[in-house]
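Below are two complexes that have chain A in common, paired first with chain B and then with chain C.
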Partner chain A sequence: MAVYKQTYKDYSGTRTTPWFRFFILSRYSYARLFKSKFLVLFLAVCMFYPLGCAVFIYLSHNIPLLTALRLRSGAMPPIDGEFFNVYCVVQGALAFLLTTLVGPSLVAPDLANGAMSLYLSRPFSRTQYVAGKMTILLLLLSVITWIPGIVLYLIQAGCAGWDWARVHAWLAGSIVLGLWIWIVVLSLIALALSAWVKWKIAAGALILGVFFAGAGFGVAINNVTRTHYGAFIDLMQVVRTIWSDLFRNGSSADLSVTEAWTVLGVTCGLCLWLLARRIRAFEVVK
Partner chain B sequence: MQTVVELARLSVCLGKREILTDLSVELSGRIIGLLGPNGAGKSTLILTLLGFCPVTRGTARVLGHDIRRHIKQVRTLVGYMPENDSFIADMTAVSFVRMMGELSGLPAESALERAHEVLFYVGLGEARYRTLGTYSVGMKQMVKLAQAIVHGPRLLILDEPTNGLDPRARRRMLRLIRDIRDSGQMHVLLCSHLLRDVEETCQEVLILKQGRIVHYANLAQERSVNQRFVEIETSGDNAGLAEALTKIGCTCTTSGGRLKMVLPEDFDLRQIYRVAAKRDLPLRRLNYRRDTLEDIFLKAMEA
Partner chain C sequence: MMKLWYGQIVSVVRLEMKKTFFSKRGLWVYLLAFAPVVLYMVHSVYATRQRQHLAQLATEHPISQAAFNGIKTGLSRDQVVAKLGEPYWQRTRYHHGGNGKKRSFVFYRYTDGKNDVSYHFEDNKLTWIHRRDPDTLPKSQLIFATSFQFYFLRLAIFFGCVGIFVNLFRGEMLDKSLHFYMLTPMRREVLLAGKYFAGLLATVVIFTSSTALQWWAMLWQFERGVIVDFLAGPGWIQFGAYLSVTALACVGYGSIFLAVGLLFSNPIIPTAVVLLWESANPFLPPLLKKTSMIYYLQSLCPVTAPPDKNMPPLINLLISPTEPATTLTAVTCIVLLTLLVLVLASRLARKLEINYGTD
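Presenting the complex of A and B:
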């Protein structure tokens, strides 16, 4: 071996700004995640529905093509709040599946392998760690939710004209806000559960459990107690209530919009509390 | 010489238990040993210096920075090798060390270059593209050392660096620690149960017991002081020689056929030879009796 390789050399070069250091974690995680062909395939599948919607929007504005296909333009469902609400439900479900795929592997391995003390012994805070890990999910989920949603809105605006875009500008806001709420809640739950159980498989099962078992128990509680309180633990119903309100659709849900926002706020608070408890350089055994 | 670690009445509580109590010391050696039995508070002291444990009372400064007010600067200047397994199993060594370098503030290209350099330096050059999950215990220890030095820290904190190493790997680790010491570019704080490791590498030793400092020793000074202790082995009448040496000011005891003595100040060693020659007594061996670190440690534990 060359002699220079056996001698310790000091580092005296430049240092990067600490503000964007959290993104280093995201970068390395993406490199690892995208080694999985399944994930890449799943992301491609997630684009099918937005692509179908884009074709639908194009078709519904293309009278000659509709005529050629012997379809009446009036028979096509309108591109309105309900259309984008359905888009949110479909892409939201896919976002949930993507979260169960990616989320468990974010924090659990670091805690299980004791890597936390290595991260936090550097000029790198717990907040930056959580931000770095959360960015992974936020960007991935954005790619399949609100970004294609906004593209669909722009296609519709392009086809229907400036007047439609001006009158329906609130739709763009609803798409972005509604889906951001969902991906933030999903990311926080995934990170918190991944940090809590420290085991990838268990974390994945727990994420599924929180949503499906929550919905099941919610219905059971409603039936047994003949109240609507079970809906508080059904996060899917909670977020659907918010979406219905944002897209100005009538909701048949058991929850009021205020109750739904409160439940989401409490859920996010709980997740942040859990993360603050678990993301530490070492554990104190009392 | 720059003070590396300065503690002033430092106390740390975890839960309701006080783990460290009123620690006050200034450490400035190139390589400092931290010793103590299990539960003495060594690891807690290290975690406190890294800002992981909140200070209950007092202050602690690392390389002149208060750990309560300037913990980010402290962490920029410190490299930490934890005692337990700490790695990311599905990353290659080079990616792992590079990422740790970047998190310490190195630009991506410099971090990659440094990652290769330090992995060669710790002897993992050929295995640097293997995932860490496939590494042996010894290799994982070396990777931990590599990630601790990748960003060129001013203080390297090593918590039980020879844990789980076979004799060959242990020698290699100690050689690297001595090499880092001799490079003069960083100070080392070495926490170990193995007295021999500390004795072989350290200049200063801080001994903790039940969260308190029971002994602080500059090993080089202790060794020079110990030059007043001499051990003689003769092939004849020890008792007579002891009597004669006592008359010229030495304090002597005989044990196991050997004569141990404490020499007075400014004592000329040639007087011993003269006394022995007068008595026609051949001296078979004359050694300076050094207190080993084990002696120092045991005395501290008994105190």
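Presenting the complex of A and C:
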């Protein structure tokens, strides 16, 4: 029997540009995610509210229709900061549910099945791995949050005219910034918890728990100690405080805007630290 | 046959004990359960020390109630100091206004030995008075009821049951160890009953002990005489009611999440649905309210929790008031629902097939 010498050789095919390598992970993950009919259905449901808002904006500028309905144009609620703040709250809640659905399956299976060394033995850094996994969530959440938000702003600008768009240009900035903050925080928390617990079911429960139990325990802290320190662990209240500030709405929150930004900064830092601890090419098994 | 099944259930409970109580995967359940205990203890210690501190301050610098009553907003800082003397605590802050003018904000704190009164001066004028009354037992009972119903029942026990009961079957799938049970000469229903009782034992022990400790920590800040009087009155009945509600919550939620763990390979979606349904309970019409577990559990609570003060008025309007269920109805409904879910789960367990690849 002939024995041939087998040696490993360098890969000689074309390589993806280092800057875009992280996108390989996202591409394959999207292919897997969109096999789920439930996810597609959920994404469709997430579009109902923006669609309703678009119809509302169109109706509020349609004078003949308002006249036919015997409504004055001033009788409709104005399209202002409060309108877009409510939009952020609704779409932000849906973004949270989508993160609970998608987030846990991103990192946990790779860690649980020992795939991390396979990824990182290639010309692919830890940062690229995290960026690739995070891009999945960022793009998916963008589709249901700030992108329809900007479309609504453009519809309103189209209906109300250039003057409105110029005076309310800050609204577009607030929509993008406010919702980007939320989707970055959600993505980091989802990735960190998914990496930490290694079991996607537990990671999903933990993401739900961090937000719901955090809010509940925060209320308990406020009740028992008669302070507002509980608001620091209620991430939903934290982000609502920031949104109220960005959309120039009065807020009755227990937190100041500076405190809210600090809490978000600490949360993101903690998540990055957890990811840095967990995403490694080796694992010590005791 | 019953004796054999009983023996098998006991064996399964014994085997599951270590997994439910001491598994690393379930340690967070202890955090959820005992965090309120720590909170109450810290508060009790603080309240006791604060009470002693205020009493000491009042003996060193007594201020009459009439002097406090004479302080109204609009007085100057000097007038307040002339009436009450120097405060025991003060802080001054300066802010630059938009017109470049420097504004001063001064906070003074006084005490009569029991109450802590804060005065807030803006540019030397008294603008705001806040009186912090000492904790009383009725007030603490309301606080306990609120945190018990809004945090402990709805979130801590809920997520605790998710963690423990879903893990009973789904965790075995993950560990690739469920087939060991399946290979034993034991009926699937018996296995399910054994696992359910093991989970129930763990949750009841963890959460009822947490309730008991919270109760003790809540009472700890009060004087012995007050506690004895309270316990001689409605105290023990309330204590028993809270423990029973905790145990019933474990019974009800436990059965639901055991079935969820059996039925769904990803239990997060049904868990989120149940969580949203239970959270939306106050806003549901009366008939739909009765289809959620939390309605019956809240009906059994001895003290009605006040609504959330921070809730926006528009959302407050959506809350539909409903008469609570009677004790008998509430207990019967929870037990019947549990039995129904367990019967359905046992039918599912009979057809259970192992697929270790999906998790």
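Observations on the structure shown:
Everything below uses one rule, namely that the second predicted complex is superposed on the first by the 271 of 286 C-alpha atoms of A that agree within 3 Å, B and C clash if a C-alpha of one lies under 4 Å from a C-alpha of the other, contacts with A are read in each partner's own complex, and residues count from 1 in each chain.
To be clear about the criterion, a residue touches a chain if its C-beta (ideal position, glycine included) is under 8 Å from a C-beta of that chain, and two chains touch if they have at least 3 such contacts.
From a predicted model like this one, the values you see are computed outputs, not experimental measurements.
In the superposed model, A:202 lies in contact with chain C only, and not with chain B.
When the two complexes are overlaid on their common chain A, residue A:127 makes contact with neither chain B nor chain C. In the superposed model, A:216 lies in contact with chain C only, and not with chain B. Judged by the touch definition given at the top, the superposed model places A:256 against neither chain B nor chain C.
Of the two partners chain B and chain C, it is B that touches the larger number of chain A residues. Looking at the shared chain after the overlay, A:226 reaches chain C, while chain B stays out of its contact range. Of the two partner chains placed around the shared chain by superposition, chain C is the only one that A:101 touches, whereas chain B remains out of contact. Shared contact residues on chain A (touching chain B in one structure, chain C in the other): none found.
Note for the complex: chain A touches chain C at residues 38, 97, 100-101, 104, 197, 199-202, 204-206, 208-209, 212-213, 216-217, 219-221, 223-226, 252, 254.
Residues of chain B that touch chain A in their complex: 14-16, 47, 50, 52, 72-73, 75-76, 78, 80, 82, 84-91, 95, 99-100, 102-107, 110, 114, 117, 120-121, 125, 147, 149-152, 179-180, 183, 185-186. Considering their complex, residues 1, 5-16, 18, 21, 24-25, 28, 31-32, 109-110, 113-115, 117-124, 280-282, 284, 286 of chain A touch chain B. Against chain A, the residues of chain C that register as touching in their complex are 25, 28, 32, 35-36, 39-40, 43, 46, 132, 143, 146-147, 150-151, 154-156, 159, 162-163, 166, 170, 174, 266-269, 271-272, 275, 279, 308, 310, 359.
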